Amino acid sequence: MSEAFKDEPVMEINPDVDIAPEPVGGPIVAEGEKLLEVDNVTLRFGGVVALNEVSFHINKGEILGLIGPNGAGKTTCFNVMTGVYQPTSGGVRYLGKPLGKRKKFQITKLGIARTFQNIRLFANMTALENVMVGVDAHHSTGVGSAMFRLPKHRREEAEGLARAMELLEFMGLRGKANELARNLPYGDQRRLEIARALATSPQLLCLDEPAAGFNPAEKAKLMELIRTIRDQGYTVLLIEHDMKLVMGVTDRIVVLEFGRKIAEGSPAEVRDNPAVIAAYLGVDEEDAS
Amino acid sequence: MLLEVNGLCVNYGRIEAIRDITFSVEEGEIVTLIGANGAGKTTTMKTISGLRPVRAGSVMFDGKDITHMPSHERPVLGISQSPEGRGCFVGMTVMENLEMGTYARPDRKSPAVKKDLERVFELFPRLKERSNQAAGSMSGGEQQMLAMGRALMAKPKLLLLDEPSMGLAPKLIQQIFDIVTEINSQGTTVLLVEQNAAQALKRSHRAYILETGEIVREGTGKDLAADPAVKAAYLGGDV
Amino acid sequence: GTKGGDTSSAGASGGSQAACDLKIGMFGALTGPNANLGIYIQNGVNLALDDYNKKHPNCQVKLENYDSQGDPTQAPGLAKKAIDDKKVVGIVGPAFSGESKAADPLFNEAGLVTITPSATNPKLADNGWKTFFRALGNDATQGPAAAKYIKDTLKATKPFVMDDASEYGKGLADIVRQDLGSAVVGNDTIQQKQTDFSASVTKVKASGADALFYGGYSPEAAPLIKQLRDAGWKGTFVVADGVKDQSFIDNAKTAAEGTIITCPCVPADVAPEFAAAYKAKFGQDPNTYSGEGYDSATILLDGIAAGKTRATMVDFVKSYDKKGVTKQLKFDAKGESADIKVYAYKVENGKIVSVGEIK
Amino acid sequence: MDWVRALPKPAKIVLWVLFLVFLFALPLLNIPFITTPDSDFGGVLFTVSTYVLVALGLNIVVGYAGLLDLGYVGFYAIGAYTVGVLSSLHGSWPWLWTVPVAIGAALISGILLGAPTLRVRGDYLAIVTLGFGEIVRLTLVNSQWLNGAQGISNIPRPPGAELFEVPSLDWSSGAPVVDLSNTTTFLKFGITDQIPYYWLALSVILLVLLFDKLVKDSRVGRAWEATREDEDAAELMGVPTFRFKLLAFALGACIGGLSGALFAGKAGFISPDSFVLLLSILFIAAVVVGGAGNRWGVILGAIVVGYFPERFRDFADFRVLVFGLALMLLAIFRPQGILPPRRAVRAIEADEKLEALEEGEVRV
Amino acid sequence: MQYLFDNFWALTITGLTLGAVYALVALGYTLVYGVLRLINFAHSEVFMYGTFAALWVVTFLGGNATGSIAQVIFWIAMMFVAAMAMSGLIAVLLERFAYRPLRKRNAPPLIALISAIGASFVLAEIMGLREKITGWFGLDTPLATYVRNSRNNAGMPEIITPQPVFTLGDYAVTNVDIFVIVGAIAIMIMLDQFVKRSRLGRGIRAVAQDPESAALMGVNRDRVIQVTFLVGGVMAGAAAAFYMLKIGITRYDAGFILGVKAFTAAVLGGIGNLRGALLGGFVLGLAENYGSAIVGTEWKDVVAFLLLVVILLFRPTGLLGESLGKARA
């Protein structure tokens, strides 16, 4: 960076902290095998067909990009995968089993976590508490064990606190653990959202436009972060409009347009796909980066 | 001078979001503010449209001191903003949102409005397709289009655009910048905030760089775009 | 006022001479929505006190007010307050049946005598409270009288009975129902504070009733009869003491005409002197239970004059037997008035006029 | 409050113990000005204690889980009536046995009410619960099995013992003098002396407070807070929001039922008049005025709502008017409550600074 | 059941007249909820003041049962003017003193409810204590007709006796019935048009959904809120006038129960929705009458609330509730 500008505190993460997902039971597929399959999903809102017979899958350990023009159905796809919407037809299989009509929180417990296109933190809770809520997803302390401070409660609290602090440390938010979420700067809020999602120890982490509103330098940092997260043992599904970021970080890309899948392949393949260029990238691509 | 900002200071509680910034926008210009996250760009925009109270300094519009004018009176003067985070009326349909754009127009009942609506629909065919959908159920990018369309419906003298390309597909980003250039050529003055600095600088007459609440550099769009330091920090030169 | 001074302490033990800084309590709603009844009683009590204090210029008795607002939950705290004030030798009240149930156990325990001028629930006397006295007839006497009037005087063949689900209203209406037996053509229950009675009006009209007994209070009785008359119902409206109140007529206007009101309370012409004194002091005719208030206070004041203390007052009241302004003041073993008369009144030309005792 | 936090732990414990002793001794001390001149202080303290208890329960529902319940008096009534029915009207159980049943009955009614209605959107819950409160009262008034408006008398008192006499203080000479003629029997739940009931209620409050703290500082408390902040996001973070809302509702109902049982045991007589809609509103006022979400705040709120109308009986007819004005003024000058919850404190500090600055700026 | 069929028309017409009053009062709740997302608890007092204004003006003008047609029309007109003016005024004052200070302080919505409850107590008590309060100024004697026995019912002079106009089944529909039902619907159509024409409706919704964006569009938030309260108040005033024509008796606490009912009606129809208020009012009025015919009058209110619960279970945002308004996940 040039000395013409003060050193901006661009988000610093601590990639060395171990934040690998906690083993929470249930079957785990091997690296490279299918973790989640979207199977012929169609979703209609009245006349609008938001998803039209979409099928793709995510392999364990990869970073999959989901791109497409605005309104193509990307966020809707997340919503179907996390139980916010029920598909009109088709379904989602996770670890080989259909998700069916599971509730949102049940799907989270199974191991799919997400962030939101518009930040949705628990604004009046501290950063630490936000993350603790995520950690709690796999805890079972109820009124009884809390009331009598049973060993289970104490163990869960201690473990949860440790994991939450690790995650904050990893994200470089340790110093802000006791700040209210709503008082955090925008970039910190974005990262806190990711930390909260990671806290649920997901197999699959879904990020919806995590780089929105970031400048190129910040985007580069984010790219690094996403890679590190993957290296710690998570599978990542990424929606993003910034081609530099998408091309730089993903292993594979799925392209949607008008609710249909129009392409799938490696970043290079997708970049050169004429249909994708016509629908999404536009001709003057060099200019956009 | 259409807009003159003089020694402006704005606080969020103890946090000084912007400190003593001075800049101006000439009639007919496109002026861009760039800067990192939290530099105070949005705060500046909100202050100009009256959503944030001013601690010190002044804002002049068209030769009139509007520093303490209530925000809802400013659209009548011809200031219109497409806010960051879109700010669509989520419970209203797309059509109603666009109609809200004309709320303060003195000629809101004239046929001119209809023309403008057609123009917006031409720019964003998706909005026409979905004119009866609730804005809240539109996708992120669609809402961004709607916010922009709504601002255009106001036929402002000064259009404030806060990150209009956020969340938009690459192809659409091109289009947005084309639109900005075009409406500017038709006589609308534009104050633009963008993270997509390369594009923005290319199209603007002048630009200011904001850093932790202060203006650290200004110049023509071309000059700044060519400045290596700017390039390194904001244009996504290799980091 | 003059204080008793040096004689005060001697009086209490002497037995023949009154103590001079004693008080009687007035327990009931003096403020709030139900204040009217309490104030009518309080006026009567004040009049009695004036009479007494005029006769004993050197040995005044003071009135202590316990304003329960008619609320049973406030009653125990006030009762305790009265009990703790050792100068209070007797209570006029509690005015309502609900608060009586909440407060009387305390008075009973403390041995502080209560004479209620207005609480008419029959069951109050069944609790074995030694300190409970009632200076008027209870609903069990009024109910049969009302039924009798409907049967014998009105000669109604199709009576309808309605109540407001309140303890007083329902209790009374149930007695009337029982006494009228199979003649009753319909029953209905409304709720207090209700203002629209269209469903009930429809019911009364559909039943073809020629008389309607309503057990309840005037705030509901007025709009009820108004709406019945508006809908064209022509039968006779019969109510009880809870409605004996000028405001009933002021509000129901012409619809109130012809309403029959039963009440175990004396008409003004039975005690003209009292009525005159009352009017002179308060600028209006004595109202519901003013006379009973006066009588209740008089008994206690007579006790004070006879040198009774809190401890000895109960026996004094128990054996009391004198003519008061409303009736012969004498109590039976349960504390009920021994001499009970129920009168019938009628609304005529905007006034409540007596049409004699119901015998 | 900050200086308390700064003290070493033993000092804190001593302070707490002293404070507790003071609380228990309060009705005996007869401190001038604090002691209500126009109503029995022991009785008033008991009433305030029931308000406090109810407010603590309602705080779980409103303050923690963010559910606006305008019919809380319904649970209070169910608790009281369960005691009345079992111990006097249709049975002759001792008071103590009826208490767990009362809590259970309130719990069940809480679940029965909550299960269908907690799915309804937040604002709508207010009117539904208000309706519930009215339904309960109307049922009490109109049901002959429950004795209608006559209510239930002769409810037995809590079991006690008569161990020793505790004297009180007398201030009539200006200075405190031990008054041996005015004593309270420990621990006799009699008819006239209300102080032992206050002691009972105070002890129950302490237990509930402990319970409240233990539960709030756990996964359960966090889940409530997350649900209140953003229900959808919470659900997507693995919080079964419906279950937790129902839990809050049920726990709140239990505490409401418990307060009702206490009230019935002290009053000896209950009737539907004791459970009017207005009470629900006063309960809500206690919670919000105090600072929804902060247990100390709602306790203060309950004291304001329960104590002041009794202390200032002198206002007589103007009591309600003055009370209404006080509510308005409190709302305007303490919009976050008397003691706002911790999470709001920091935010307010920032906001207040901002406000001060803005006001300064306007005058410039 | 048989009873319900036998008296169907009587129950229906009287239910509708009652429902009309509910509906008009419900509008105030719905309007304010629409813009501030809060329950204007003191709206019942706005209504109550309207009933007193109607009563006072008729008393003042010497209204009586023997007036000529022209006189009666004049009295009724004055009744409406007075009630609507009074209620409008109270509503605006309420906004000014109970809500605006809170808005300026960014208070959470719940505290606004408390302020409203406080205001409700204050307003009701001022009316209930009017005799004492006027007494401070020595006005209680000259104003005795208006303030005497202020805790009691106050009855309006009869200016119109219900006359049967035609019969439906075996119910004689009276001129008052017709006036109330037709009048209320007419007023509501006028309001509907006003809200549409004046951009008020759109302003209200915009402010409710995003006050900042609304300001950017040129919507004056304070003004919109004030006008909303005014309009809601005027509607409550109209309701008050109808109520006094039909019931003729009011009291300082007459607003409370009616307010609860009207609020129920607003929710029933879909709060925030003007036509919903109309529908909700009529449905509630009818349900109360039919319900009391089937299960007994004493369960009337229970029926009303149970109906509400059932409807909300099947239509969680009320009968006509907006399907719009939900943000996405």
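Each chain gets a letter, A, B, C, D and E, in the order it is written, and its residues are counted from 1.
The criterion applied here is as follows: a residue touches a chain if its C-beta (ideal position, glycine included) is under 8 Å from a C-beta of that chain, and two chains touch if they have at least 3 such contacts.
Just so we're on the same page, UniProt names per chain: A = Branched-chain amino acid ABC transporter ATP-binding protein; B = Amino acid ABC transporter ATPase; D = Branched-chain amino acid ABC transporter permease; E = Inner-membrane translocator.
Since the model is a prediction, treat every value here as computed from it, not as a measurement.
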Report task. Using the contact definition stated above, find the chains touching both subunit A and subunit E (Inner-membrane translocator). Result -> B, D
Query raised in the report: From the centre of subunit D, which chain's CA centre is farthest?
Result: B
Query - Farthest chain (mean CA position) relative to subunit A - result: C
Report summary line: Rounded to the nearest Å, the gap between Cα centres of subunit B and subunit E (Inner-membrane translocator) is 44
Report summary line: So, in whole Å, the Cα centroid of subunit A is separated from that of subunit B by 30
**Report entry** subunit C and subunit E (Inner-membrane translocator), separation of their C-alpha mean positions in angstrom
**Finding:** 37
Report summary line: Note: subunit E (Inner-membrane translocator) residues in touch with at least two other chains are 298, 301, 328-329
Report task. Spell out, as numbers or ranges, the residues of subunit D touching 2 or more other chains. Result -> 138, 141-142, 232-233, 236, 317, 350-351
Query raised in the report: In subunit A, which residues are in touch with two or more of the other chains?
Result: 75, 84, 116
Report task. Using the touch definition up top, name the residues of subunit C that touch subunit D in the complex. Result -> 30-32, 35, 67, 71-74, 76-81, 83-84, 98, 101-102, 105-106, 108-110, 121, 123, 127, 165-167, 170-171, 189, 191
Query raised in the report: Hey, which residues of subunit D end up touching subunit E (Inner-membrane translocator) in the complex?
Result: 62, 68, 116-117, 119-121, 123-124, 126-128, 130-132, 134-135, 138-139, 141-142, 232-233, 236, 277, 281, 284-285, 288-289, 292, 317-318, 320-321, 323-332, 335-337, 351, 355
Query - subunit D - residues contacting subunit C, complex - result: 38-40, 42-44, 47, 138, 141-142, 148-151, 153-154, 182, 190-194, 267-269, 271, 273-274, 310, 313, 316-317, 319
Query - Complex interface listing, subunit E (Inner-membrane translocator) residues touching subunit C - result: 3, 6-7, 10-11, 14-15, 17-18, 65, 128, 149, 151-155, 157-158, 161-162, 164, 172, 174, 176, 246-249, 251, 253-254, 256-258, 288-289, 292-293, 296-298, 300-301
Query - Complex interface listing, subunit A residues touching subunit B - result: 1-6, 8, 10, 45, 48, 67-72, 74-76, 117-118, 185-187, 209, 212-220, 241, 243-244, 279-282, 284-285, 287-289
